[in-house]
């Protein structure tokens, strides 16, 4: 089950948008190392076996673990794709058939783990992440894929079984007779790693659009909802970087160590993976710096808004408060106030009031407050 | 005695929530290196001795140091767990029995020390921290555990004796006949280190919840109490990172140095410890970046609040100040004011006032101040 | 086609100023590695072939790929400049003639790629960027140039064909008989790299001017448009750094690796390239720090503006609000108010009002508000 | 003379709290390397000579440099402690006796120098800092101690002679017959380095208290004086870090280089020094991060204060400005205003005014402004 | 010509204080590598030749390049100091006599270059900067000095000829018969490098004073002019760091590479240079952190100012707005208002107004606004 669905189940209304990208799996203090944590009601995992060599491909869907030993031959390349983590029994059965180290199953089952590569005596284990964007809302989900590479076999454990991410690779295996079949399971491993790395690009593409939207929002019409959006953006970019960073060191380790698992012919292709992952980190770093600037931009915009509000208040008060004072004077009840009894006193008074009012307006117009205020209005509409 | 209780004793009312996570023990200037600082009224330490080999386990509780030499045999593995630092005499007695280096007891007693690993001629010394969360309030306490690993014995010095953190390990030793007994004291050392590292995960889990709460608070209802909470969060994450960082280098040192204390079979398990500690640092770094963003979010929220307050003031003033000016005009006592004597003058005046008031309202409504103001209200309720 | 024009086509009115400097090309998830992505309506690429040795130069413009094999001789140095990526057929034809690795054409065609250098068996491939400033608006455009260096030939693939950046090099080849002809294609490679690096300097020169203008704007007359300008500046400097950084590691790799592609005589010239690129990074880092300070300066300026606005409001209110209260007193209709019936009461009242008003003014003048206010006025005008 | 007293002499009233922790000594441009800068009126330095071996200790106080050669024997360990830099003549005399390199005296005299370690042919020179806290005011003073370690002699040059920091070491030499005497001058060097490193701990302890006080002040009652305090704190922590950082590399250099000056027996003790100095840097880094957060906290607190002030203003204005408008209406002098002549008009008007006033109050109470306002009041008192 | 004067010529009134410390020289795109850029109206450069060995010194001023070959002998050490870059012809003549690499003259002439060291076959080239503070205004000017060190000769190219920075070295050469003459041109090189490094110290001393002044200004009397000053400070510190950083790597390179240009006797002196340059970087880093804190301090001070202004406004409004409302009530023209006809009504009303006014004042005094306000006043005066 993917990390997302797992979380949605026990999260209430308030924080339903917030996914916990920052947790790793950890043993409950006191539990024995090597304990598998499998959910009770797990759907049985689906096994897809593909035997292939240069001449032929044989695909078997939905076989049971018991049948596995029949299909394993040392002659051709074998790819066993296990979709869904299923029951402990099945996993242990597979573990026995392929001779797993005691700690290995733990890494596969107790998701999420930090991406890593480990060399055992006769197996190379790669823990990797695939990312999918959530279609209905912003954000993304990780799915852990564990690859166990043996001499002539490749096992892939997919965390969930709602989507078959590697189906098109199988199709290509069946149709294409070229390089993909002749180069063995290490080249297949490269292909799968490449698929998982490339899954990050469309997700980042979406972030590029979100950043552009937020730029417009923060500069032109900053409001209370802008802030949580910027914060959410930073949070998710942080999570993405944290996911990709260890994968880069996985690829680097694979490139550097000249093991007998990854042939030298595949090495030049790994360089391609490395290029892509460096590009990913590059983009994320840029996005993080931009999002950090966005927070500053938002703060400045808010300060600007305060200024505009203050200007309105100041203009209104500065014009009318003195005028009110003057009309107050002539509202006084002194017995002897000579101005009151003149015939045109009232109209002269009104004239003076208008003059004072307009000269205040002129003062503010000369300071540019009235003009600037209009400009802003334009920008917003 | 743990660091917390030690501090609570001499701290007054004001700052009782603030624990001093940042102090290390230091000698008073002028004191001789190697001086032990033990509190006068220390409770005697409790010794639990466990002898075990593949076939049998013998546990002796509450033995006195004098009896120790009787139980030490070179035949089987020996684990002496000293709970509470007790009196200087007991410690020196143990030091003599196990032939400690002069500076070693100082590291054990003068807590807190920075986690470290030191190689002596016939002993490997590990200073490590275990963390427990405080149940009644936020925060956590460190407890220093010192491990002295000899050829076939392991000594563990626990700072406090209020809780037996390693009890379930002893239980497993007694019940389980498998790996734990056959692999010797180096595997036991790994198990204890793993327990101590894993003790950080539940504490971090609590921080994840606190950060989410603070996010809501900072964005939706920022108030004066939010600020100290964010600051306290940053302070504690800083303390956690500072505690874990040296432990990571302890594990790295143990992995790299191929000593005769840690067998090669245990090395693959240490990689597991290393993975966990890297995950811890990963999480803490993410939390620190989030908490740093939270401060920005809080500042922006406060600025937003200022804006909202200013808007209310400006709306009220902009509507009523000009109106008050107009009613002031007709409060003047000029003898000749033609409007005053017209029959409907008063009602026309009221009509004009209403018109001006509503057009002001319309102006603000068009600017979105009234609407936006409502939205915020909704968000808060 | 350059990155800019490519983007302008599918970008609407709002964000037309914003260029996407942060995207790299990526395969659509599921596509096979090595797929070429060429636009349907691509203009055929123009091929310019230059054969030269110490004695003579032969330049052929607009030759078709079919003719290429006739001109290739091992005797002299050959430079084939392909302007515009053109059709897949042409590219594959060239790829076959020069024996390209399967993944190489992908790097050339699927622009933009991250600058890099790759060593194949008999070819050295350099992906590099040239930058041109946009004349009509701020900003710049990248153009990817791919160099394939063989034993005695150099292929250059230019992304666009709207401008011939290397024309003057060809002219020098024809006119100059000295070093440029005798030193072979590796020296020619150095010359082209130097041209591409030097293309960044005039662009940075423009940024120097923009920063100075923004400094004046942020300090003296900060307004709402200053903020987006600073943000845009940061964004573009970030993009420039991201473009130059990998190019520096390209030059470093070329300097360190003593291959048989780059002769030792050219190495001393590469040091010059390296100096220039370090200078570029130096300047950009300085500009980034300055732009980061500019944001602070802008924020402070806005706060200063708020203060000035507040001061006006406070001065006006502090003077007239108390006065209005006093005139209100004498507007009360109590029957027995002795002051009202005195002859000079009105004039004494006016005198008191004036006194209070001027003493308020004096208070603010002594605080320096009036003076400071004038100073600011001066600065702005 | 210590750095502090040196500065206090030529500093006036305004900035008397500010000590210049950031200057190093530098030659006036144009002066010859190796020039000694000694104050004219320097007090003669006091020489304390201690000869010791395992069996006996001989201490001579206040000897003159002329007598020195008599006491120097190759048989036992010799420690010459020079307190106060004294006159150039004395120093040169000592330099000749112990055969100093030309540049060495410059490092000793021209204080402050950056802490460093230098290996000459037959001498090891360590420049180190001791720190003392100023009792009457905040802050601290550095005192440079230069150690010259020869085969069987140790020379220590103390910058000032107002306090004998090493007196208790001499006392221990006389009383203790154990390790300190038998291990030679390299162990003595370790002891002195340890004293100087440990001198930083009590100073840092004071900073811990100052930070706690500032936390309370910044959160609960921020005022104009808080800001300079935080700034001063940052300034001093910066100075402390700058002082300790090079000392850490001194200790590292001493540990790594297996010279014949520091015996292998002393190396295990140097590890202890290293631990302490890493702890110091750890604590300072934490304090610096906390002080950096404090500035943010202060800024937020000030913004909070602004909000509270604004709330009072808004509440007062929002209640009374509309009421004043209404009473203004009935102050108008229109001849026909029917409400005026009704008998209970006045009391109905008062009732309406009260109603409006209380509903405004209710509005603010519901928004939580009144309540929150009280809470704050409580917090402050 | 120095960088400053060069810039002053083409800079107008507005930005005359701003010097462009961030530009390096770059070739116009399209120009051939190795082109010299010399101003048309350059003053001829002045050549000062100094031949010296242990026994004698011969100085020739104002010799022409044609005479040079006569003076060059392999017997003694030769120092040729070229002041002012002069004409291309002279430089090329010198280049031929001393057998320069083609790219070398470019580095000398096309100023400013980044400081660097380059090893050619028989020459060591050092590009270095000397700094002088501008006496009439803040800021400083760089002057590029290029040193070409051959087996027994040293060439120094000074950018300008308005000041002879090395005159006192020549004087010492003539007077002093000791180390300076006997150690050869590599020791002379060290002396010149030391002069250039030490030229930074007095400039930094001035910055220390500027920072202190700005601290006072930012904390006690922040105004609009403070901000540009802090920004200018940051800008110039950035420029200084950028100038010193590459010089540090020059010294490091000289220390590490054991070439036959710098003898081993001079190496110990270079360590001294290295110490000084590390001290410079140390100081600059501290100043940069302080200046960064200063910006925060300024922002906080401005916020504090806003608060003080707001407090005045709030106090005035809170006192008089309610009072004005009350007097407005009794200004209403209702026919039946019983209070109006009582005899002492007016005086009772005045009494109530005074009571309300004073209780408001008491409220603010208890909040500490009045007191705090006075304190601030004191601080400012």
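When the chains are written out, they are named A, B, C, D and E in that same order, and each has its own residue count from 1.
The rule we apply is simple: a residue touches a chain if its C-beta (ideal position, glycine included) is under 8 Å from a C-beta of that chain, and two chains touch if they have at least 3 such contacts.
Values in this document were obtained by computation on a predicted structure and should not be read as measured data.
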item	value
Given chain A and chain E, the chains that contact each of them	C
Shortest contact path, chain C to chain D, counted in steps	2
Chain centre separation in whole Å, for chain B relative to chain A (CA means)	27
Centroid distance [mean C-alpha coordinates] between chain C and chain B, Å	43
Shared-contact residues (touching 2 or more other chains) in chain C	299, 303, 306, 310, 313, 317, 321, 324, 328, 331-333, 337
Pairwise touch network: line, ring, star, complete, or other	ring
Chain order around the ring, beginning at chain C and proceeding next to chain E	C, E, D, B, A
Of chain A, residues touching chain B in the complex	14-15, 18, 20, 22-24, 26-30, 32-33, 101, 103, 113-114, 116, 118, 223-224, 227-228, 231, 234-235, 238-239, 242, 295, 298-299, 302-303, 305-306, 309-310, 312-313, 316-317, 320-321, 323-324, 327-328, 330-333, 337, 339-341, 343-346, 349-350, 353
Residues of chain B that touch chain A when the two form their complex	168, 172, 191, 194-195, 198-199, 201-202, 205, 208, 212, 215-216, 219, 268-269, 271-272, 275-276, 278-279, 282-283, 286-287, 289-290, 293-294, 296-297, 299-301, 303-304, 306-307, 310-311, 313-314, 317-318, 321-322, 324-325, 328-329, 331-337, 372, 375-376, 379
